[in-house]
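I've put the structures underneath this note.
First chain A sits with chain B, and in the next complex the same chain sits with chain C.
And now, the complex of A and B:
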């Protein structure tokens, strides 16, 4: 039970932790204030609690497909925040754009914590209600959350201690992959809700890297790894990355000289 | 108003015609799946109706089926699976994986 609590909490925390650490690092590299982060994390935690408490009702909405639709929506919202963030970064010398960047960052952090937090809260509130489980579950979750947050902190220091140019590029690259992963997961939820036809998996790499394995789990959190992806998922993954990359390059081309504002 | 009622009545009467995919019911009780094996036809979409009779939440998860759905305590959920090739597709309850294990057998 203890180990299970570690794994579940780690899985959920890791994904949110990585996203937040990259936003933090990029904000730091852009010389932004970081105080907003505490607020965003708090709002995200409240959001996770509210979503978790109402999950039963949400699930039964829309012919029993409410959970899938809300989750797909949340993943799509993170994707849009990433798109706005990356296209607004080249225009940081203008106040308007700085506000846009900040709103995108806060949205991504709040939504990521809401999504992952709701599952942790449901798990914890259930597991801790079982006699004699309170302590092992609590300890396991603290350990899991600790590992997840540590990985995020490590990643953060890695990025801010690199040379500015490389740190920005690595952060950007990671956000691109997260964006692809978000769209891939959104598509998976729409398939689950029977809105999109899955078709046969494009490949089966479960013998090579199982989604159960530690590497599989880590790759899932990092790049949205799937051992048996639906063709449409792969198409959506690749095209969402292409859209953000192209939009970012175009935005960069259109940036005005810094002395304008 | 009369038309609205008529339309509703029509919709209700039409519904059974589109009965949709076959339904299979699964129950979660004391962190176990009942039944823990379900056999479904190959190349057919089916609807799993999962009833969580425990007070605790559970997450129906399967890497092989590419499905994950949280089911709150004392509530129900619907999960579509398939069409699938013949084979065995394990699933488990992520919150209580030691006991909550099952598989879908596609024939």
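And now, the complex of A and C:
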């Protein structure tokens, strides 16, 4: 039971903590105030609690496909926020673009924490209702959350202690992979809701790296690792990364000379 | 990195958490495996015990009652063809296969781990089974007891690290405090007891820099003072010769008038350089005392009244008794320079208004003239050394060297006062406001 609690909490906390640490680091590298991010984290935590408590009602919506569709929508929203964030960063010398970046950051952080938080709340409230499960679930959740947050802290300090240029690019690269992972997960939810046909898995690497191992969880959070991905997931993953990469390069090409408006 | 202390706390806690929790997971898995092996050993010995305690070879209709619901046993005879006896909760059929060893089977909605023992002597099979979930829970309960302290230790470690890092960084905060509390004129070396190895270079180099800075300041001050002082004598001699020339050739000679302006300009410059040296904020050992600001302004107006009278300017003074802490000579120089500027730039028959008031813990000295004023975008620049509005195009009859407002700014800084330029109450003109902080009454 402890291992289940560790895996589930680690999966959700690691993803959220890496996203938050990258946004915290990039905000610091872009010399932005961190108070908005802290507020977004708080709103996300409240959102996660509320969504987690009402997942039963959400699941019943749309002929029992509510949870899958809402989750697919939330992942799509994170993807769009990342797209807006990465294309707006090259225009930071303009005030209105700075506001766009801030809104995209806040949206991504709030939605990410809401989504991951709701999963943890759902699991904890379910597991703790079983007798004698309190201690293993509690210890497992603390261990999973502890590992997830610790990796997030390392990643944050790695980014802010790198030279500005490299820190920015590593942060960008990570967000690019997260964006791909978001679309891949959105597609997975749509497959679960029978909106998309899954087809045979393209490969099975579970013997090589199990999704349930710590390394598997880290890779899942970092690059959206799936041991048995559907072909449509791989296509969506690669296309979404290509879209953001091209949009970011175009945005860099079209940036205007710095002057404040 | 905003705070070294927070960085160290987070980095150390993250490391401790990561290392502890990953080893905790490995320990948990190893302990669980060990516990399962112990349970298996117990199951095997139970099967052997049942076989030796029960030697029946024909079917017994009495079902054993003394079993717990988490375990069951069966004894099969005739090579597994006939059920000889069983516990009440045991099935009456063979679950799985009668192969000697451990197996996992499903029975009564639960997963069971059984051990099949072949009693070769009596040609029987003894099957003993335990519910896996109960075995797992029991094992987990024991293992978790040992893991709980590791989890509980993390917040305690955080507290200890926070305190330890605070103690470790104390020399740094002591150094920062010393530098922060250094007065602007204090260029003495930093004194620290037991300087840690990491800070030795910082302290030594800072002290060396302070000594070099002190020497450089002293050289600059000595040079300015000596140069200005040495120049005073030849200027005085020049003035005497000029006076003699005027006696000989009369006041109307244009060359003599130009010479007079030049000498006066040079004399003014030297006086101002001397004043600048004496009123610099870096100048050590300035004596501060209680000074009645209004009385001081009155005395300066009275002393320099000739300059206003010469241009037939009206000067009005409005003030009450306000005591501030300050240096008499420096404040006189400040008022004198501001009044001199007001008079110089106010045309003949113009107005000058001086007011001294106090409000909200501040003493406010305002000098307003009816001159041309200073454009807002020049308000910062006029305080720079040797900067004069309109540069060399300045009206030639106004003597100045561009040091007056610099001196005023230095004196204000020495008294921690703020200067603000604005528009005067007259149709046009400059208003200079100097805000002195009043000491709180005890």
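Definition applied: the second predicted complex is superposed on the first by the 235 of 261 C-alpha atoms of A that agree within 3 Å, B and C clash if a C-alpha of one lies under 4 Å from a C-alpha of the other, contacts with A are read in each partner's own complex, and residues count from 1 in each chain.
Rule of thumb we're sticking to: a contact is a pair of C-beta atoms (placed from the backbone, for glycine too) under 8 Å apart; a residue touches a chain by one contact, two chains touch by 3 or more.
Keep in mind that what you see is a predicted model, and the values were worked out from it rather than measured.
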| item | value |
| --- | --- |
| Partner chain(s) touched by A:154 [first = chain B, second = chain C, both, neither] | second |
| First (chain B), second (chain C), both or neither touched by A:73 | neither |
| Dominant contact partner of chain A by residue count, chain C or chain B | B |
| First, second, both or neither for A:227, with chain B first and chain C second | first |
| Contacts of A:193 with chain B and chain C, given as first, second, both or neither | first |
| Which of chain B and chain C A:212 touches, first, second, both or neither | first |
| Those residues of chain A which chain B touches in one complex and chain C touches in the other | 1 |
| Footprint of chain C on chain A - complex, ascending | 1-3, 6, 132, 135-136, 139, 142-143, 146-147, 149-151, 153-154, 157, 160-161, 214 |
| Complex contact set, residues of chain B against chain A | 45, 54-59, 63-64, 66-80, 85, 94-98 |
| Residues on chain C engaged by chain A in the complex (per definition of touch) | 1, 7, 10-11, 13-15, 17-18, 21-22, 24-25, 28-29, 136-137, 140-141, 144, 147-148, 151, 154 |
| Chain B partner contacts - residues on chain A that touch it in the complex | 1, 4, 8, 55-56, 59-60, 63-65, 67-68, 118-119, 122-123, 125-127, 129-130, 188, 191-194, 198, 200, 206, 210-212, 226-230 |
